[in-house]
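Everything on this sheet refers to the single structure shown next.
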Amino acid sequence: MSAQAGTGTYSPAAASGDKRRERREELRRHLAEDADWPRADGRSFHDCRPAFMQTGPTTAASGSAYAEFGKTKVIVSVFGPRESKKAMMYSDVGRLNCNVSYTTFATPVRGQGADNKEYSSMLHKALEGAVMLHTFPKTTVDVFALVLESGGSDLPIIISCASLALADAGIMMYDLVTSVSVSCFGKNIIIDPTSDEEAWQDGSLMVAFMPARKEITQLTLTGEWSDGKITNAVELCMDACSKLGEILRDRLKDTATLTNE
Amino acid sequence: MEYVDPLTGFRVDGRRPNEMRKLKGEVGVVARADGSALFEMGNTRVIAAVYGPREVQNKGQQVNSKEALVRCEYRMAEFSTGDRRRKPKGDRRSTEISLVIRQTMEASILTHLMPRSQIDIFVQVLQADGGTRSACINAATLALADAGIPMRDIVTSCSAGYLCSTPLLDLNYLEDSAGGADVTVGILAKMDKVTLLQMDAKLAMDTFENVMGLAIEGCKAIATYIREVLLENTKRLECQRG
Amino acid sequence: MVGLSEGEKHFIRGGIAQDIRTDGRRRLQFRALSVETGVIPQANGSARVRLGATEIIASVKAELGKPSILHPDKGKVSIFVDCSPTAEPTFEGRGSEELSAELSVALQRCLLGGKSGAGAAIDLSSLIVVEGKVCWDLYIDGLVVSSDGNLLDALATAIKVALSDTGLPKVNVSLSAASDEEPEVDVSDEEFLQFDTSSVPVIITLTKVGRHYIVDATSEEESQMSSAVSVSVNRNGQICGLTKRGGAGLDPSVIFDMISVARHASQQFIALVDSQIAAAEADE
Amino acid sequence: MRDLHLSLNQTQRVRLEAALHELQSLTPAAASAAAVTVADTIPVNQEDNILKGHGTSDQDGEVVATLCGVVERVNKLVYVRTLRARYKPEVGDIIVGRVIEIAPKRWRLEINFSQDAVLMLSSMNLPDGIQRRRTAVDELNMRSIFEENDVICAEVRGFQHDGSLHLQARSEKYGKLERGQLLTVPPYLVKRKKQHFHHLAQYDVDLILGCNGFIWVGEHVVVDEKVKATEDQQKSSDEAENFTPLETRKHICRLANAVRVLSALGFTLTVELIIETAEASASSNVEVNDMLGAEFYVQTAEREAKRRADLLRKKNGAR
């Protein structure tokens, strides 16, 4: 990783069981008071974590991207378009193959990330609508996402990072896809939750969005929601997605100028 | 545990030693399959669906283009056993039973009449209470007949065991897990030929003959029942066709 | 797997636009629903649901277990779906794994509520026998026996019916003085406690074909979808879960519109399911 | 009953049973007596030098059925006529099929037979209608004639020496079917007749009863306009203007549902019966969708029982 990724100082990660439980107790207390409380990392409810994104960490792939949002670290490689391995029926359109995996050390408990089996198909659905599949008939584009460390909001970060990697690979897309999730606590909505916050949430909502076309490619929701709350949360997410889209765009421009020089 | 009451001679579920559980067979239970059937032996309940004969889907599996390729998959529903445990799909037991069912059915199907085609038999156990492989074979026979696939003969299967010095017909799960011998027999009913014979544990030679004889009697009774079901169904279809 | 020719696809799209689908249904009309309870006697509750040619068996099994340390005041519920190859030859072997996982996750999302347990279909605290010591673990299994589209809605319906059929045995616990010891548990064979299933939601999947939405799509119609939204709605009209399916992007206003249409359709469907449950109970 | 799992109420159940019972009593006893199942011995007079046909085999000198069905005897030939089974092709049968694959010089079609059927490029009329040798260009343009998943009507040409089943489409009436729906029924419900194409002028609908149990219900197409129509369709990019007219569509759906109900009841599908059923639903103001409901299902069974009883009475009266 380039030098700018480092922050200069470093401190040991405090993730021992007792401390985690303490933080959860604290969160619970705040919830009971139902007041605006500072989040564990000092953010306010509608603050996202600083997004660090970069293209080209892996050289063997056609395109790749690295994303780091707080503790969540994701790397995505894109291969192809290359000939479909599977003996498939004739098809006018290309295939998009997505796979999400976790490192065994991604979670506090070893190997827990493997529980998120559905992420591969969720990633596929979020990206499918944005990729111009008809531009590479009879071939496959493989998207491999690896979560190095899971620190909450994993799937949205994977989706955003994957769309950056696709763009880096020069795959034709209608638009970039960015994704943001929110957690709901009582009547409060907090954006870009960490793992601790996700573990206590009453409900969650995730939006994958194409900022320029203003279209939602994926939307999931759990927990009980009233109509108005859904609207608010979705709008909040879309706004965050648009801003995240700008960051992606800047990264791509940076890469383009670098290669031109 | 007393599996046979020494005084009355009745078994734990109230049956006599040579008494079979209640049978139920029904064809046409899966709308989209070419043939399908439900078969119950007491609490054991299975569904079989037959797809085909149709063009061989994976040419690599075709061994002989002059005969139909018969395939079989056995699956247990998550809720089919008393204690619920998650098992990976394609575990060894399922693979073994799939193979047993396939070989047993293949012996009866006139595969040479359907060259270059494949027949898929899928059996799904809804409830397992002993004798699942027998129930699966019986269901598969019904489903194959429902699909109009030509067969040499009706194949039926039944099990028998030996507990408390008594040969017992059609073991339920409790009796099956008692650790005694368990003989599963499959026969071609009319030709009077045995196509499947499996046994766990050990038995004296002459006892074995008795137990096997009992299982064969069971198979014959099932064959009579299955033919009734099929004849009934054929007559009904013919009447409605007009 | 359905392959349709351009002509047929065009015909289906036209039918949806003109509000008369290939089987004569209107866009927001369901296929015939039939319901049976107690089909798996070994389970605590079970149901068979048929929606057109789609057939689902759902079973609920309850086992006594220990609550997790994080949630000592709550029982546990897990939901799994399996697609039998009897329904579709392509489901053989590992062929149905992806679909089964997708359906399982969608059901978990719609029925289990948030991580804290809020908004769950089943009140998890009602599954507690002794706080921190003994609770009920509910295992909900869905099996797709025959498939002709709209599996998710049919599965959710089957689970709702199976839960209404479920009786949990009454448990007597004799607490020993020492709190470390395992409590003695006596499970009654005769007394059963019925569940409160009034808050179990239904799932309505709206499939978008052209500019219109349809409910209860057959597999032929599903092959035509550009996108679909599955919304889980409870009796009070609250949204308890949502999944968007299909790749194409949707305008946010369209999604909100689909949610409100689904909510409207759900109230009709809940009434239909309730009447079928009542009829099934009367039949027993 | 297969296909339709209806929740009948008590009275409907009784009525349905009565109707089915009536049907049973109307069937000549001989037909029901001739029913056999797998492994049943078929009684024959051994001295007659009989010929063993379809669905029979020789076992220790006895003629034994290998299928469930009804024993038929034609002169010396004894065979079992199957009921539910896949399609058994005969030369000259008119069938409806779906293209599965495009292979060199041929299309492969699913026609509910134990193998895919083959339609050679040389066995069909080219769009220009001129008889000539097929060129390499024709071969490259095959996808423009039929592509994967297209529904096609064709005729059974026969088995080739390698055991594959070949079709032909050497007439204008054969070819691609568009703008309608395909239904599948068990092939035994479709009887071989002189006429399998039916233009129901009163509805502006084409009904094709394929011998293989594939039934097409679609908008009527005038044969010589076929080519032109496809061109038109390509021209008009706006799909909405091109939809089947609502009236015609209602007729198509009504006829399709009539086929669904009749096949679920296991009644032989004749064009007359299909029309009669559709008409009956329309005249008693049954909504198209409600035709698949329990009430209409029972009514259809009752109507058929009555129709057959009348038929029988007429026959007996004539005698």
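Going in written order, the chains are labelled A, B, C and D, and every chain counts its residues from 1.
Keep this in mind: a residue touches a chain if its C-beta (ideal position, glycine included) is under 8 Å from a C-beta of that chain, and two chains touch if they have at least 3 such contacts.
Just so we're on the same page, UniProt names per chain: C = Ribosomal RNA-processing protein 42; D = S1 motif domain-containing protein.
The structure displayed is predicted, hence computed values, not measured ones.
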Tell me the fewest steps from chain A to chain B, where a step is a jump to a chain it touches. 2
Per mean C-alpha coordinates, the chain lying farthest from chain B is A
Could you tell me which chain's Cα centre is nearest to the average position of every protein Cα atom shown? C
Let me have the rounded angstrom distance from the C-alpha centre of chain B over to the C-alpha centre of chain D, please. 34
So, in whole Å, the Cα centroid of chain C is separated from that of chain D by 37
Would you kindly tell me how far, in whole Å, the mean C-alpha position of chain D lies from that of chain A? 53
What are the residue numbers in chain C that touch two or more other chains? 53, 55
Mind pulling the chain A residues that touch 2 or more other chains? none
Of all residues in chain D, the ones touching two or more other chains: 3, 148
In the complex formed with chain D, which residues of chain B make contact? 28, 31, 34-35, 52-55, 68, 110, 114-117, 145-154, 189-191, 227, 230-231, 233-242
In the complex of these two chains, what residues of chain B are touching chain C? 30-33, 36, 43, 47-49, 51, 57, 73, 75, 77-80, 82, 84, 86, 89-90, 120, 122-124, 126-127, 129
So, in the complex, the side of chain D touching chain B is made of residues 1-3, 20, 23-24, 26-27, 31-32, 35-40, 55, 57, 59, 64, 66-70, 82-86, 100, 108, 110, 114-116, 163-164, 188-189, 265-268, 304, 308
For a test of understanding, state which residues of chain C touch chain A in their complex under the given definition. 70, 98, 101-102, 105, 109-110, 112-116, 118-119, 227, 229, 234, 238-252, 255-256, 259-260, 263
Within the complex, chain B is touched by chain C residues 39-43, 46, 53, 55, 57, 59, 61, 63, 80, 82, 84-89, 92-94, 97, 139, 141, 143, 145-148
